[in-house]
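In the part that follows, the structures are each spelled out as structure tokens.
Below, subunit A partners subunit B and then partners subunit C, in two separate complexes.
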Partner chain A sequence: MSKIKMLHLSKQYDKQKDNVIHDFNLEIKDKEFIVFVGPSGCGKSTTLRMIAGLESITGGELWMDGVLVNDIPPKDRDMAMVFQNYALFPHLTVFDNIAFGLKIRKVKRDVIKQKVEKTAEILELTSYLKRKPKELSGGQRQRVALGRAIVRDANLFLMDEPLSNLDAKLRVQMREEIINLHKRLGTTTIYVTHDQTEAMTMASRIVVLKDGHVQQIGTPKEIYNHPENMFVASFIGAPAMNFFKGMITPDQLTFSNGNRIGALPAAIDKQGEAIIGIRPEDIILANKETGIPLQVDYTEMLGSDLYVYGKLHGDSIVVRLRPDHDVVTGEIIYIEFASNKFHLFDPITEQSLLHREELKQ
Partner chain B sequence: MEMVSRSRKMIHYALLTIFSIVMVFPLVWMFLSALKTPEEIFAVPLDWLPSNPQWGNFAGALELAPFGLYIFNSTFTAIVIVFFQIILSSMIAYALTQMTFKGKKLLFNSILITYMLPAAATYVPSYVIVAKLGLLDTLAGIIISNIASVFTIFLMRQAFMQVPKEMIEAARSEGANDFAVLRKVMMPMCKSSIFTVGLISFVQMYNNYLWPSLIVNSQENYLITVGLNRFFTTSGTFADQWPLIMAASVLAVLPLLILFVLLQKWFIKGISDSGVKG
Partner chain C sequence: MNRFGNAGKLLFFVGIPMIPLVVFWFVPMAVSVWLSFTNWDYISPTFDYVGIENYASALTSADFYNALKNTIFFGFWTILPTIIFGLLLALLLRKGLKGLTGFKAFLFAPWITPMVAMSIVWSWIYEPDVGLLNQILGWFNLRQPSWLTDSEMAMWAIIIVTVWKNAGWAMLFYADALSKIPDELYEVGNIEGAGWLQRMKTIVIPLVSPTTLFLIIISAIDSIQAYDQIQVMTQGGPAGSTRTLLYLYYQMAFEQFNMGQATALATLIVILTGVLALIMFYGSKRWVHY
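After this line comes the complex of A and B, so read on.
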């Protein structure tokens, strides 16, 4: 059980003028799985390390279960951390690695044995307990690191890109294991990743960060369907959302040259220039008469999907089609946009022009 | 290409062989002389091997002076000194690598500067301090005046700097305090460096002559280095003493040789890597 509250949290390194984290506000409920996601250097790991106590907090307040923990050292924060490169102790066996925290806390020997064995069973490590980390594969090492975290029944798990050193297949497998583990233990978890797929599949809520600023906080669905700005819209989703310049008129959306794009997705106060965003899967094939022509630059066949790349009035665009469509490079296809799927952004502030309440209806 | 690298290798081996012979020759000479009669040592032309090994020389040497006691004194003080040096140096190296405090750089630099002082320049003040502590002519005096070693601090700091940051952070988030991090993570991970430092330091302390000779007076506190020299100077360099002196020297070298044989694995490891490998 752990509730965490971050109030105006900020971080500034000694010799730097600017903050690396600006005014971070977040309230985490018990048992939530929070994912911090953003490009490298966005401050997600720094924030996690501040919560862990490995990095000092230079501004704001951090509360855990009603206690202000700004100045409490890591060892007294009752959390367990999993590191990107596992950080297993090379001189200790798997058993001793998992038991490390319990031994530090002077837990009785038979209790340690029982707990470690139970943990090893959950993570399928029982036959490796006597091995040293260097005799294990990447996935096994990662499981040991997880074991070290869960064996102590800590109130809070902090995971710093725990899967990024694994190969693709193992990553998917471990992702599932972590999700199951969270379901089973219900421990509040904060997970840092730069991989938007991980964020979407694991999180109960996602925090999108850029340059130390929180861009948006919401459930994966909210973030995907109602991005609050162009950064979030482009960062979440693969391939990324298409953007092109357009105009908002009182009754419709048009390209800059006045050609109609579609109906307004909602009532909008603003008129004039706007950036129009549409996800690749919200573009559909149309007939020659009503559709917008698009010359195909190249295609990508993924088996489950077919990505078609082209240029629309100078802006690059990608369309996601079913794989059974026969589209070849150089061909002209006709497309239209699914109604109500437009995202509209202010060209200067890059903020969404749609009010979330209206969109949610 | 292969020819070049091969001839290069041959040159390397030739050089190594020559240096090895130069290094090992005095030792071999000492061993052989310890088994010769005085006449054989000074025989012209040179007699390489003793015609009849004089094993009795060792017993004779031990009768002349209490070399056994001297060797014990040397071994004992060296072990205690190395023990404390490693404990103290690891603590300061930990502070120097893991803690942030004002004047850290200054502290490290001032430690290094003391290393640059010629040892002789510190003898007088050190002597006065040892005297004021009432530790002149005691083994405790030798031990206490040697337990702080800049060399050990420096090497331990270098070794600690190689420990990945995540290891320390992992230990911390697992609930370890500074002392636990030092004892359960840093020291085990730097084991080979510690063994190496310990070994070098042990040899240094075992061989230490000038300083102990200054503060020790009574025969029961002599170190082997001091004891050998006093024996040498008091009984003169008469030819018939040479086999005994050589036998005593062999006895003096034995503890070091045994230590090297036992720890050579660690010694080589400590020199060839930092002791930290994932």
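After this line comes the complex of A and C, so read on.
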């Protein structure tokens, strides 16, 4: 039995004509780590808050452990939530913040002490138990917020952009800590982020959202290698996938002017105009005779990679090269595309032209 | 040279604003303390030094202790309801009712109305035979007291007016303090299953405690300085039941022309206010969460 089931879930605010969440369907299995990812305003936090019970559900059904919970108050949903800005009580010590839920539930004092101490040990907060939140760093505060969630042994963790307020280095460290915590506790987790790196590195499955619509649900690998539409293809991956106009002929892909790009990645029903997508790392340097010329507009040296930006038949593209290549602005380089790495999209619907079975392969 | 320049600047920027403070506050206060050791009668040009006699007679007189008791009673029963009503009104208004701004203005209006004008209107409301309050009590067959002439009720009448004036003002401060509590904290309470009372106890009251301290201090000073409503409605009566320390001072100074004793009383009021401020300052370290 699935842990959580969302059936045709939708949300409409008063006085607003359109839904902010449309027909959201998802089944989450026990111990899964699900990440909702999408740009600002895509409805990912709203969906999470509907699961938490902090927002009402205006359409559809939400099931938890086989129980319809649409009208069940948050406290009876047996979940714990971690917020972006920690939501710690400034007047309480770390101990009391972690113990908050247990005290509200009138758990015995010695049990509270034992549980809080154990949680503090897991999160390495033991020496901070008597401090107030303002005496802690951002990372420590978020650990306290995590502590408040895990101390209750809740059935489900909901995390709303918990790392967004941290600096880049701390974010990577906390990301690892959350992954390890999930491995250790095995609690089903729904995690909201706008950061595709977090989604890719943490998720068992990713749900990509845009304007309240689910764009694709899949493992990080599926989402990255087989995006179902241009939005998913461009949102996941940094730098984003390159797109340019092309033609599908019965046996090959060509530019609009008829020049050959490469072989078809799979049998395609459709012929004619298409949007061709290719990831920056699937473009390789070629020799002058066989390669496609690309004038370098500018480069970005990242240490581990070299990004080369230019225009191909009017479309901007970026090429990801190894850092030891010596490429300078204004130079003409010659490129070719790795075979079978093309993504083909319908220019009108922006949906992938590759069949679902091929996407899954 | 530079040092002198800095000292000059300091004198200029600090010294000039200090002039009115010195002229209208420090000097009268020092003169007042000096007068408290004399038997000046406010009119005659001569007086004698009497040492601490004025203080001794104040501290041994029944009037002083009666006025002190009245002041404490008045202070406690105006501060507590002002704070409770202010917070409850602010919580009510937080719900986002229609016409909120108008309602807030309506509740705040008493604060900007002069106390004298309000006290006159309230003395009509308290009128035992035709006053509005007793008319309403009459509809419900409740006792209709002689509000301003019954020594049991007169202080309560003054307290009601003062609370009515101050509650809207306290509400504005609380509304601001409540708006600064992040929604997530209520949501944590909601997820953890905290009821209304628990949310009040664990979230609202601790997080508005700086505002509560501020309101207590200001209301305490305000209640020590209460004069207008007493003067208009009861003149300290009946039988001294509404005579607070400040009103006793007024009567000693300007009705009995006993300026020496009056200034001794004024000095005692200042000392009491100082002690009160100290208690609150130390209390705040434990009870107020910044």
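By definition in this document, the second predicted complex is superposed on the first by the 355 of 361 C-alpha atoms of A that agree within 3 Å, B and C clash if a C-alpha of one lies under 4 Å from a C-alpha of the other, contacts with A are read in each partner's own complex, and residues count from 1 in each chain.
Simple rule for what comes next: a contact is a pair of C-beta atoms (placed from the backbone, for glycine too) under 8 Å apart; a residue touches a chain by one contact, two chains touch by 3 or more.
These numbers were taken from a predicted model, which means no experiment stands behind them.
Once the complexes are laid over each other on subunit A, subunit B and subunit C cannot both fit and instead clash. Within the superposed three-chain model, A:79 lies in touch with subunit B and with subunit C [touch as defined at top]. Once chain A of one complex is fitted onto chain A of the other, the partner contacts of A:54 extend to both subunit B and subunit C.
Touch criterion not met for A:285: it reaches neither subunit B nor subunit C.
After overlaying the two complexes on the shared chain, residue contacts for A:89 are found with subunit B and with subunit C alike.
Of the two partner chains, neither subunit B nor subunit C is touched by A:107.
Looking at the shared chain after the overlay, A:266 reaches neither subunit B nor subunit C.
Touched residues of subunit A were counted for both subunit B and subunit C, and B has more of them.
Shared contact residues of subunit A, touching subunit B in one structure and subunit C in the other: 52-54, 73-75, 79-81, 83, 85, 87, 89-91, 100-101, 104-105, 148.
By the touch rule above, subunit C contacts subunit A in their complex via residues 182, 184-185, 187-194, 198, 202-203, 206-207, 209, 289. Interface of subunit B with subunit A (complex): residues 164, 166-167, 169-177, 180, 184-185, 188-189, 191, 276-278.
Within the complex formed with subunit B, the residues of subunit A that make contact are 52-54, 73-75, 79-81, 83-85, 87-92, 100-101, 104-105, 133-134, 148, 152, 158. Subunit A meets subunit C in the complex at residues 52-54, 73-76, 79-81, 83, 85, 87, 89-91, 100-101, 104-105, 148.
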